[in-house]
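I've put the structures underneath this note.
In what comes next, chain A is part of two complexes: it sits with chain B in the first one and with chain C in the second one.
Showing the complex of A and B:
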């Protein structure tokens, strides 16, 4: 299965996969060549977009694939970021170790908190995840002995991807590290999308009662994907620390969660590349337009406007999920694509 | 026990004040959700708007507070009607779209408010007549908070009576329980929706006006109160006034007494409470009638 065929197996997507490989190769080539063309700031922005794309993929696993809208993935992103920062400062500057530690701790926290969250569905799930996010944020602010409070943690050494490799000081080299990890994780998520496990998750999204009736322990499935999405968000948090070399409570904050959800919504349901494109659009809006003279300091206003516009103009964003099965192959190809 | 209560009396009374403040927010959130399935994430913004109104109009006199109350309630009512208007076209499109829309409105409003009032938390003084402290069983306690508790209790009692004991309240409860059936009986449920949304929003703005001296307006306050009132709604049970009241008083105690008793666990107390309640009662403490 090619990485860009998304989670949407068994529909029109497969027929068009050969034709769609061309843009995927072009995007890949563009990503690989970007540091040779772009300036240092733009390359840093691209790294951040890749990190946000991973976070949006994590949101998409829950929201798009399983139908559990979440506003709490910033919590596990933050847990991963702080874990990676602490490992980097106290233990080792090897990137892979930081990534694995961040993913493991985030998965653990996600499983513990998810045990509560997956008892709910719909809006209550959204509320619970929002509350989990806020609690992790306030823990990041108040647990000063561990997190250094609102001052954040600086002095994080440059990342060494694998043992024996040199430390990456330049933005361009860090970018390649982020890109490599991104591609590995993207491939993993794309592979997951083709498994029976993912099909069962889609079943939960479309009709949980029926899934339960035919014997699937749906809550355990939901908890498993919640833990996995937490691990993915944690890995994204570790990459974030490698890029920023700084971590503060804001990285676990509400705005990150909202950005990730928006990226997943704009990207459309269930499609992995859609979440990545959404992440790029959201971050560019925030970063570039927000820096223009006209909107000086009004990034939040712009973001809000983007939210409102997205809801009214992209009705197929996430609600395409609710299209009945029989209609899906008709409805999906006409969906508006954001890229 | 007497000694324990004596040493924590201030925390307990603070908790009551804070809980009633949360009630003014949670009741609107809960009813709007119960009625329209709308998760209004802009609810905290209504509190913030009310608090800014109180700050802008406060000059130390009681008249200014009264004027702020009128202005705040009017602004809240308008805001609620506008939010209904904006969310109605999305009624068939699921919770997520409404959440994203109201989140966008929150961001826009937060930016505009910060642009007009600056990025600091603005401490708002209560009217001169209500400043100072009173003697509360041997403890000094701010008069304003006692007055606040009185006013908020009266408001809560009024809401409760209207909701549980009047025919208007029965209509709203029926619409929460089964909107289609109420519509089939010939009631224009859209009017109920607008009314409840506007009422809930006005109550949140009222909470903001009265609560400004307790929890002053500033960037991020909208988020704080939103999350706290969401927790109240989850703990209390969706679509129920009684649930909102019980949940609000419980969370108020957790946030004051709990934090005073176990300061090192402060960030986790809220989650712990929610966990404990949801494990025992998955639908909240006092949810509304089961919907079909």
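Showing the complex of A and C:
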């Protein structure tokens, strides 16, 4: 062993760590430059993908991190969207206020409904969350004095990100607002993933009984993350309103829940960026590839095929993809050891 | 002096029917009781009932005078019961370091710290970055013991800790059990390996058909091969 081999290995490790950041930096740069090179529709689509990515992240907190597969996050997404819409129409057009109100109300609703849901596990939990989603959907349809029923709520003013800032009328500016909020929430979830709380959630996912035998009140942990995931879904709902300036019961419906779960599964459970990549893939497949002439509007069929293909070929989702050894030096040249 | 763990007329079992039919057992502070018996007599059911995985039909389990029968698993754990389950049941995707972090996150006051556990089980210190499923059976057993100790239990339940381990590892497990009992921790050891059980325990309780049918101290039990033959079918 050479005297400086420790230094070499340390240098290589730092270089490897830096190399792993390269894709993230490239994605960030791409997201920042997108409005300057893409048209209005594509920018709007990107905004919607970022919103769905946040929703998929909230699903991932439950499904990937804690092992609780859910079909109910659309409920809290809808609650957040309606809360933001009501705040925007009746109180203020300041985006941060809408976001905080949406997150708080959604967290409250999630904690109240989660109190019942987290008593179950597996298929029963999944069915309970599906039922919660359907209840919220029905409320959105029938509580006309609050939601305007199936007509939905329109006339939502353009969002003002912070007090004193101008209202954002252009799609590109709204996109930057969504991107900024997305990055803040992404960083918060990424920070959470490194905490002892997240470690305990991983323990619950792997063997809940064992965690209880160590002394963890696992149901309390599950309820806490359920409420937090609800808040995240609610914040995503508020952003949805900022992008669409319209909200209807469909935004709280089964299809949104299924898309979010699909994104989390395809992305790969347990990794935050996987949920985001899954969201992008799902949305682009449904709304972009699905509208190509060759597919003739059968986007959902394409989505189903994508899901089946992903399940069979990528059991660990997009995050489970490994670059073949022979290509690693091409993909990450600086990871190659020099010592 | 009242026993630290006191079990009285305990009946417990599964949906299919009762397995324990009135178990009485006492364990003193710092005492090690080996629960022996043939397969299917209810040893693991007894451990599972004490730890809260099974709710007893009737009877009582008191820990230092506090009734714990029928309480929630996490409540029983926080009351001071540590469990090393059969088959180890480590968290396979988590590293050794993460196991220790999880176990130390809910500490109760006591002598067992991460550093002390790693001193007692130095092999774990060398494997901190390895996942649970990358460990050998012996290392997994040490990890399961470490996980239980870091909760600073006052009663340690060990269910077949020698199961599937090499003799040299079994001897290490025995040393660890002896070491922890010197701190005043009560130990209930369910074990098929008679050599290990008799080398670490001070008392023996033999089960048959869901009851404790024989109590003796280890020296007595070892000096009576006819009892071992009659109760366990071994010399």
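Here, the second predicted complex is superposed on the first by the 297 of 339 C-alpha atoms of A that agree within 3 Å, B and C clash if a C-alpha of one lies under 4 Å from a C-alpha of the other, contacts with A are read in each partner's own complex, and residues count from 1 in each chain.
Going forward, a contact is a pair of C-beta atoms (placed from the backbone, for glycine too) under 8 Å apart; a residue touches a chain by one contact, two chains touch by 3 or more.
Note that the structure is predicted; figures quoted are calculated from it, not measured.
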Practice prompt. Count the residues of chain A touched by chain B and by chain C, then name the partner with the higher count.
Written response: B
Discussion item. Looking at A:301, would you say it contacts chain B, chain C, both, or neither? Reply first, second, both or neither.
Written reply: first
Discussion item. Contacts for A:196 in the overlay, against chain B (first) and chain C (second): which applies, first, second, both or neither?
Written reply: second
Worksheet item: Touching A:218 in the superposition: chain B (first), chain C (second), both, neither?
Response: second
Worksheet item: Which of the two partners, first being chain B and second being chain C, lies in contact with A:210: first, second, both, or neither?
Response: second
Discussion item. Identify the residues of chain A that lie in both the chain B contact region and the chain C contact region.
Written reply: none
Discussion item. Which residues of chain B touch chain A once you look at their complex with the stated criterion?
Written reply: 33, 37, 39, 89-90, 93-97, 99-101, 103-112, 114-115, 223, 227, 230-231, 233-234, 238, 266-268, 270-271, 274-275, 278-279, 282
Response to the item:
Per the touch rule above, chain C residues touching chain A in the complex are 51-53, 72-74, 77-78, 83, 85, 89, 91-94, 98, 101-103, 105-106, 108, 147-148, 151
Worksheet item: Which positions of chain A touch chain C when the two form their complex?
Response: 196, 199-200, 202-203, 206-207, 209-218
Practice prompt. Show which residues of chain A lie in contact with chain B when the two form their complex.
Written response: 63, 69, 71, 113, 116, 119-120, 122-124, 126-128, 130-132, 134-135, 138-139, 141-143, 254, 258, 261-262, 265, 298, 300-301, 303-308, 310-312, 315, 317-319, 322
